[in-house]
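Structures follow.
You will see subunit A twice below: alongside subunit B first, and alongside subunit C after that.
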Partner chain A sequence: MNVIDVTNLTKSFGSFTAVDHISFNVGEGELFGFLGANGAGKTTAMRMLCGLSAPTSGEARVAGFDVYKETEKIKQHIGYMSQKFSLYGDLKVWENIRLYGGIYGLSGKKLKEKTDELLHVLDLEGERNTLVDSLPLGWKQKLAFSVAIIHDPRIVFLDEPTGGVDPVTRRQFWELIYQAAERGITVFVTTHYMDEAEYCNRVSIMVDGKIEALDSPAALKASFNTDNMNDVFHALARKAKRGE
Partner chain B sequence: MTYSMLWHVKQKEESKSMKQFVSFVRKEFYHIFRDMRTMMILLGIPVILIIIFGYAITTEIRSVPVAVLDQSRTDITRKLVDRISASEYFNLYKMVDNMEEAQQLFRRNKVRLVIVFPVDFATSNDASIQLLADATDPNEATQITAYMSQLIMDNGNFSIANGTSDSRFSVSGSRLVPVVHLLYNPLMKGAYNFVPGVMGLILILICSMMTSVGIVKEKEMGTMEVLLVSPMKPAYIVIAKAIPYLLLSMVNIVTILVIAYFLLDVPIAGSLTLLVFISILYAFVALCLGLLVSTMADTQKSAMLVCVMVLMLPVILLSGMVFPIENMPVVLQWLSNIVPAKWYIIAVKDVMIKGLGIGSVLPEIAILTVMVAFLMLLSVKRFKIRL
Partner chain C sequence: MKTLRYLLEKEFKQIRRDRFLPRIIFLVPLMQLIILPFAANFEMRNIYLSIVDNDHSVISQQLTDKVLSSGYFQLTDVSPEYNQALASIESNRADIILEIPAGTEKQLGKEGYAEVLIAANAVNGTKGGMGSSYLSSIIQDFNREKGFDSGMSLSGICSTNLFNPHLDYKNFMVPGILAFLMTIIGGFLSALNVVGEKEKGTIEQINVTPVPKSVFLLSKLIPFWIIGLILLTVGTFIAWLVYGLVPIGNLGIIYLFAAAYLIAFTGFGLAISSVSSTQQQAMFTAFFFFIIFILLSGLFTPISSMPEWAQNLTLFNPLRYFVEVMRMVYMKGSTLADLSVHFGVICFFAIAFNILAVVGYRKSN
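Let's turn to the complex of A and B:
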């Protein structure tokens, strides 16, 4: 069953077509990589799927809801973590958890259970009362991810979640992503790192607003006669006419 | 589904969004309380402003040093001099023996007024007193001589001839003495004017500036995006942000009123409820302005700059707080009409100083209400487009 269904989705700003008739679908529990150079239209496409901006034309359903009419329902079933850091630095760890839990309608006993579980999994029990600002970046990011899925959404959108993090922490972060996928949460992730693309079940590569390739990393590598995703990406991205 | 079930679902939805809202308001309070420095500044600003306006840049006449040249040397003049030096407005600096000495005191900046009693002061029917004022500051010279004339007239029936050491200022005394009664503020206290002004300024500062900076900060940090992807309604985000600042500004209004009432002896002649009502209405105008600024600015710095230049300066310059609007060029007078603070200050003066009821401030209330409606529409529209 597909949790994201996209057909000919298009977004234009005046004469500029940021996203040009893209079509794809993402299955339940899938780890889907959404790749593309800067300015290829990734963020615009993602914003439409999250219900932040209305498409110009085409169709898309997220978690079974229409992106034109049912954005409020979509918002209840998705999680989101942006490349910018999405927690509040002047709030304590547990206060951040309570805030986002509260925003997603968790309260009382359920919120408390969730909080304890989350802190336990992240091994942050000792940091419950620490201000988020004083945590190391890697911890913040792991916390941000866990908070983004605190309400057990059907899909979580990750917009370049590992920017500026060292390889070891990135590896740990991806373990969290795997765990989420195992729990049945569909992961939709954009990234710049080609080694991360290898972790995905399937990747799509966007060039100039269009999806130029979409397959599993292994299949993509085979069709481009190479042994790494980097070559695949560069072979496709080289065709780009749009500047940054 | 039966009606009662529907009702139940609706109730549940409402309590859920209420919980959302509460957890968000709580977060806003944390932001403010955690940033102690900013909070202390916000709470201290009204006190500092009142002190600055009340004591530093005062336009009141107080303890002006005067010299007296008494050529008649009689009991009457001696008594008059005693009265003058006993008043809070003037201090007797020195009794001088001749004009030359008086001039010297002027030049050395020791006195700002010299009183000359002529030799025939006590004997003549047509006695006159000469007042010499330093008119390098013409406004002050006018005020000082007016105060002195009043004081002397209160203490004896003499006619007075005015004159100054500066040739620009020379008015002959007239037998026609106007009897002036100053209404509402008989002592011409500056506090009666600047207290409402400071209230207008503080509300703009906190409600507009802090709210817009708060919203723009979320944009800058990227948290706004996360909030917009969440099921939280954008209107809730904005209202939740405004609530703590609204409360804070009300604390400040109370602080100002307490200081004004107990330290500066400014009366609260009218209804306190009405005063608070007008203040809240004006705070809403300020909040809408802040919201509008937040839709235009992308960084905290630019939000702050816009607030200072576009919102706070007009409050100081065009609201009548410092410079009387009646004396401005017509264009500026016209422009002052769109400064919300002008109407707020007029209303506050009417209620607080003159003790007028709601009937007389209805026009101001109407204008502020229209401003709220207009700004709210404009900023909500822009907020949606931008985010």
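Let's turn to the complex of A and C:
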């Protein structure tokens, strides 16, 4: 069963077509990699699926809901972590967790349990009362991810979650992603790191607003006669005309 | 409603940690209330007077004393003839000449009236105009005391100041400034707060949750509403402490109006925030409107002396109504029944601005 169904989805800003008739689908529980160079249109496409941006044309359903008319219903079933860190820096770690837990309808004892569990999993128990602004970037990202899935959404959208994060923390971050996938959460992730692409069940590669390739990493490598995703990405991204 | 609780909790924690806000809440009203009433004072003092006394009589001496003891005038010189006094005006040492012709006392004794000359320097029009009208009313007063005919034939007309008997300008300005304070706090702070979230990107994380936009805006409105009422409390306290000013009417009426007015202007600030993407934009947009609201409010310049089209414009200005209410309750002791139209209008603006805010706020673009 598909949790994301996209047909000819397009977004134009004036004469510029950021996302150009893309079509794909993502199955329940899948770990889907959404690749592309800077400016290829990944973030724009993702924002449309999250109900943050209205499409110009085309169709898309997320968790069974229409991206034009049912954005608020979509929002109940998804988690989202933007490229830019967007938890409240002037709130403490536990206060951020409490806020988003509360917004998604957790309360009382359940919210408290969830907070403790989250802090334990993230190994942030000692930082419970730290203002989020003073956490290192890697920790912030892990916290942001955990907050994005605090309500056990059906799908979580991650926009370059590991940008600027050190390799050790990156590894830990992907462990969190795997744990989420094991719990049945569909993961939709954009990344620039080709080693991360290898962890995905399927990846799509966007070039200049269009999806140029979509398959499992193994199948893609086979069709491009190579043993690594880097070569696949270069072969496709080389065609790009849009600059950064 | 549960969501609102969590959002409010967040706002209050942030406000408590904000180091800038508490200063605003106490310093702004303190500065405005202490400085503005003195600066925005249309009373004229220190009008320089040159007297030409050709009569050298008891009457002319008494008149001179009376004029000088009013406190509005300072004597530059006493000249023997008009031309010398004129020279004082031309060299900008005097603003007004009072000439008492020779034989004034004699004529007064014989015929019961006499004429004096007032000549004003109109380079500073306000000073000249106000000066000559002060002077003529002092002379009328003098006539009345002495039992002479008033040469201005104003006998029978006598003005009494009902609501500000000592014509103290501060009694008039302070209530207006309190209204002005509510406006900037409600409007500016709320606009800057929401746009600040846009700049930081935190609003995006909220927009991707199912929080209804009205609930989110309410979580912004309530804290600034409370801050506004605290500010009003601080402001009325300062007005009492510094100027000994307490409303003649019911303080409860002031709070009732302030409560409605703050909802209106916080809504206005929120509406501005929804069309601005940076704090700079929000600041300038708010500033643009506030200048118009303030100039057309009657706070600094009387509405009745505006051209008719401008007077009509003031009807669409919520600040105008609130300034009037504050002055009426402070100085006249107006009751709720007197102010029912004002209340209706302010409530209308409260609803209209907040509808604008909710409609204008977009969770997606």
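Just so we're on the same page, the second predicted complex is superposed on the first by the 244 of 244 C-alpha atoms of A that agree within 3 Å, B and C clash if a C-alpha of one lies under 4 Å from a C-alpha of the other, contacts with A are read in each partner's own complex, and residues count from 1 in each chain.
In this text, a residue touches a chain if its C-beta (ideal position, glycine included) is under 8 Å from a C-beta of that chain, and two chains touch if they have at least 3 such contacts.
Because the structure is a prediction, the values reported are computed rather than measured.
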| item | value |
| --- | --- |
| Partners on subunit A (subunit B, subunit C) - clash or fit | clash |
| Partner chain(s) touched by A:229 [first = subunit B, second = subunit C, both, neither] | neither |
| Partner chain in contact with A:99 - subunit B first, subunit C second, else both or neither | both |
| Contacts of A:85 with subunit B and subunit C, given as first, second, both or neither | both |
| Subunit B versus subunit C as contact partner of A:200, first or second or both or neither | neither |
| Partner chain(s) touched by A:143 [first = subunit B, second = subunit C, both, neither] | neither |
| Contacts of A:54 with subunit B and subunit C, given as first, second, both or neither | second |
| First (subunit B), second (subunit C), both or neither touched by A:9 | neither |
| Single subunit B stretch clashing with subunit C - from 62-70, 80-88 or 296-304 | 296-304 |
| Where subunit A meets both subunit C and subunit B, residue numbers | 50-52, 72, 75-76, 78, 80, 82, 84-88, 90-91, 95, 98-100, 102-105, 107 |
| For the subunit A and subunit B complex, residues of the former touching the latter | 50-52, 72, 75-76, 78, 80-88, 90-91, 95, 98-105, 107, 131, 148, 157 |
| Interfacial residue positions of subunit C with respect to subunit A in the complex | 2-3, 5-7, 9-10, 13-14, 17-18, 200-202, 204-212, 363-365 |
| Subunit A-touching residues of subunit B, taken from the complex the two chains share | 16, 19-20, 22-24, 26-27, 30-31, 34-35, 221-223, 225-232 |
| Subunit A residues within the subunit C interface of the complex | 50-54, 71-73, 75-76, 78, 80, 82, 84-91, 95, 98-100, 102-105, 107 |
